[in-house]
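As written, the chain order gives the labels A, B, C, D and E, with residue 1 at the start of each chain.
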Amino acid sequence: MNGELDLIAEMLKHSPALIVAIPLLGAFLTPLIGKINDKIRNAFAVFIVALTSFFVFLLANDILSNGSIHTYVFGGGPALTEGGFAVRILFEVDGMNAFMAIIASILALAGVIYSWAFMKENTGLDKYYTLILLMIAGMFGMILTGDMFNFFVFLEIASISACALIAFRTNQGKAVDAGFKYIVISAIGALLILFAIALLYSQYNALNMAVLAREIQLTFLDKIALALLIAGLAMKAGIVPMHMWLPDAYGRAPASVTILLVGATQASLYGALRMTSTLYGKNIIAVLKHVDFDLFGQSVVFDITLNGVLGFIILLLAILTIFIGVLMALKETNFKRMIAFAAIAEIGYMILAIGSAFLAVASIDTVTSSAILSQPGYMALKGGIFHILNDALDIGLLFLVAGAIYYATKETSLNKLGGLARNMKYTTIFFLIGLFAVAGMPPLNGFASKILIYESTYQVNPILSIIAILCSILLLAVFVKVFHSAFLGPKQEKFDNVKEAPKSMLIAMGIIACLIIFIGLFPEYVLNNIVTPAADALVNFGNYIHEVDSNYVISLIGGF
Amino acid sequence: MSLRNSVAVIFFLLIAIFFVFSAFITHPFGEFNNENSPEMDQYIIDNTQNETGADNGVTSVVFDYRGFDTLGEATVLFTAVAGVIILFRRLKK
Amino acid sequence: MIYQIPYIAVVALILIGLYAIIFRRNLIKMVIGITLIESGVNLFLITLAFQKDSTAPIYHGSETGLTMSLPVPHALTLTSIVIGVAVTALMLTLVIHIYKHYQTLDARKIGMEGDEE
Amino acid sequence: MLYQISRFIEQWFSSFKTGSEAFGVGFWNPLTWIIAFIIAFLIVYIIRGMGKSEYKEKTEQTKVFLSGNPEAEKEKMHVKASNVYWGFLETLKWLYKGLDKMHNGNVSDYVLWFVIILGVALLLIGGI
Amino acid sequence: MSGMSRIVKTVTNITFPLVLIYGLYVIAHGHLTPGGGFQGGAVVASGLAMILVAYGSVWTMKKINEKHLSALESLGALGFIGLAFLGLIFGTWFFNNYLVGNEILFGEIGRGAANIYTAGVIPLMNFAVGLKVIAGLFAIVLVMAYATRLKEGK
């Protein structure tokens, strides 16, 4: 009994490293195992991902229940050497990381199970599974790492493997083209992120996020680094007007890859959140400029603070993202491209809430070194983080349904589809669940997060929530159109011999559908147990630093 | 000159201004003072022989202190090889 | 001023790369632009490593107290060089495929996302 | 006008209020929604039951009457996806023209948009 | 393609062993002198690329094809991550340099004097990464050259 407990404790201690190391090991082993047998290889990939998810849930359970932060120093030794600087790479996992890791593990599991039948008649599957596992490892590395340069490395791993997988169908010219666009975009974004990391290193001689967050002074170089980080990660997250690579990539990739791309995109969004809220958390309300001038007699005096500027930028981009995503989705006739535009709109909802949260930062508590948000701002942050989970599940389910239809009919153009509900009953049911969830219909999970976003943004500015509600209605219209033109309608004899999707695809879709219904029925449970610790982890940036540097006292720079 | 190119030139020059200005306020080449004293690297330089036993400081960083980065780097190369092979694979039919 | 010239070179490389990507239509030239940005960033990293009158961070014996150039930026540069090699290889592979499909390398002629082929 | 809309939305939100902390101001309970759906379904079912029941297959009743024109076969009866919301798209043509120009498949334009956003961010964060 | 002229092939035959030896030297002394697994591997891979240029991709592909190379690369990567996992098992931390300090293998603390018997797992990792880089870079070059070769009658 005692030994078992020790084993559990050991696994818990090492899980941050194992979550990344096990998929890498599996990826290195897959080409050798693929020489034996195809079924063994597929089962091996599923087993590796299941093992990783087990460690993820072991870790997340501990973190979310106890509110603790796990650090893992690679190579052993203390996190900080004497003198207060981190020599070794270390992973630091708090509530937000655990939350994102849960999402990534769900998506990875669904994607790998789905691939079993979906990719059966393709060649080169050894390398396909290798790249899938590498992409999963890159996602987890981006999510869990606590080191800036390590973040860049895993960003590149995820990008390169994703690019090779997007261009998997090399007989389609547009797939190759989409892959090229993706690799160009992600290469430029990653290189400018590396430039920002080098700018930070040149001033503080540190690469560790916590140490940088402790040291950072918001000099001019820091501002440039912040702009580079935000722009690069926003492009990787597919925010309008830097979103055009996203429909191409999502639309051309195999569906089992697309669901992982969703996870990679949200890992980039997490990166942007971590950089702004933790790395620059100390300076989040620093006064950039003190405005004081006379306007028709009475003098106008106000301060331009960093969170105001950030909130302004993010809200501007959010409105653009929601509008353009929905409008383009309404026009699009290619199934997967349409879902991709809807995904862009969903990302817009997240950053709408996050921008409102930035605007709502009132002050910084110097005792616990945490940002103090107004109540609607805190609610907006919770809603945005909750919406990350819901968006991953809903959009992922819809992409899997689109993949199932492609598998059955070899057709993605909605103009050529019709009357599929007769042949593919379960797929139709899953699509309906995804439809109502994405459109924010009340009994499902989309509404649970969207009402938080509506309420909180309404208290920031009514127009924002009006726009959000209108676009949500348009989103429903989009998917009603899909439902009408793909599933309803008279029987078409060119689809007479269309069969239901095979089992593994149905299993993958079923997992996500069950999660959607569960979250829809018990939103408060998820909100209190998973989302709130993540939001607190973002707000109390001091804990992130304290975990590494125990004797850290916040020292606010001028302008407060 | 089309609208697209003119807009491109404007924002290109904007970025150029910021970058060049940042180049001028970076610390002078090779000069370290108390503000940006390289403590971390000095620690590695002082302890590489004791802790890792390697005479080559760079190798001790690459394979010991920041070994995980190197694993990621090797993984990137592995990924590129897998990608190139999968893209030039022989399609059925 | 004279000590800022390496950074000027870095910025120049990055801007030339961006220029090549934005204003050139040939895909190969875009790839060259990306490699230029990458070499600029690598040059910046390796520039940060230099310390005045310092030697390479390699001991030839047990002497101590030398001023050595910083080892961490060397490691970072090595990593980012290898990553750049990987990215370049993949991009060129895709360019080859694009040329096979479209018989052109003009960025404007390829990939007009319209109806299905 | 805007004030009225905001009032309306306020009332709509206040309709959710049953004083739960988890959802801040408003609150919604999925079970009530499910019950409401079931009741609505029952009402619809009753109304449907009240309809006429003398319905015969293969008679004049089931013939489609397209103002005397012959009925097209089933394939053609299906409204294509690009024809749904035709009026909406026709009205917003001016907007979609710009959006389509935005979404040309040119990589350097994508990078140009990134450069524009980067410039704006630099100007707003670093410039101020 | 049947490769280049006899002169080029002869020169390649003469110079390739030297390139190979130099690359292996750089790999083996990675923890003492400038260089390491990546650099030495790149050197050896360039030598192999020289053979590829001299003899043509078809001939090289007959000798060794990309399946063998990717298997070799997997072995190198497995060696690397395996050493890291051994650090987790013996040294109780992932990537722990568990060999340094004790006298099993490469155990000595190097106080200069270019003692190759130092630095713990670093030389082993150098070898693993070297194998990986040789196989990987050569696989990339070979596959790209073979896919873009000039076919007969064109």
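We take it that a contact is a pair of C-beta atoms (placed from the backbone, for glycine too) under 8 Å apart; a residue touches a chain by one contact, two chains touch by 3 or more.
Quick caveat: nothing in here was measured; it's all calculated off a predicted structure.
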Determine the set of chains touching chain A that also touch chain D.
B, C
Count the C-beta contact pairs for B-E and for A-C, then tell me which is higher.
B-E
So which chain is the furthest away from chain A, centre to centre on CA atoms?
E
Using C-alpha centres only, name the chain that sits farthest from chain C.
D
Which integer distance in Å separates the CA centroid of chain A from that of chain E?
37
Dist(centroid_CA(chain B), centroid_CA(chain D)) in Å evaluates to 46
Chain centre separation (chain A, chain B; CA means) in Å:
24
Give me the residue numbers in chain C that touch at least two other chains, ranges are fine.
14, 18, 21-23, 27, 30, 58-60, 62, 72-73, 76, 78-79, 82-83, 85-87, 89-90, 93-94, 97, 110-111, 113
Going by the touch rule set out above, which residues of chain D reach two or more other chains?
103, 105, 107, 109, 111-112, 115-116, 118, 122, 126
For chain B, what residues touch not just one other chain but two or more?
8, 12, 15, 18-19, 22, 26, 38, 40-41, 44, 49, 55-56, 58, 60, 62, 64-73, 75-80, 82-85, 87-88
Give every touching pair of chains, nothing left out.
A-B, A-C, A-D, A-E, B-C, B-D, B-E, C-D, C-E
So in the complex, the part of chain D that touches chain B is made up of which residues?
109, 112, 115-116, 118-119, 122-123, 126-127
Mind pulling up the chain D residues that touch chain A in the complex?
2, 5-6, 9-10, 13, 16, 20, 22-26, 28, 30-31, 33-34, 37, 74-75, 77-82, 84-85, 88-89, 92, 95-96, 99, 102-103, 105, 107, 109-111, 113-114, 116-118, 120-122, 124-126, 128
Would you pull the chain E residues touching chain A in the complex into a rising list?
70-71, 74, 77-78, 81, 84-85, 87-88, 91-97
Using the touch definition up top, name the residues of chain A that touch chain E in the complex.
14, 17-18, 21, 24-25, 28-29, 31-32, 35, 72-77, 127
Interface residues, chain E side, partner chain C - complex:
32-34, 36, 38, 110-114, 137, 140, 144, 147-148
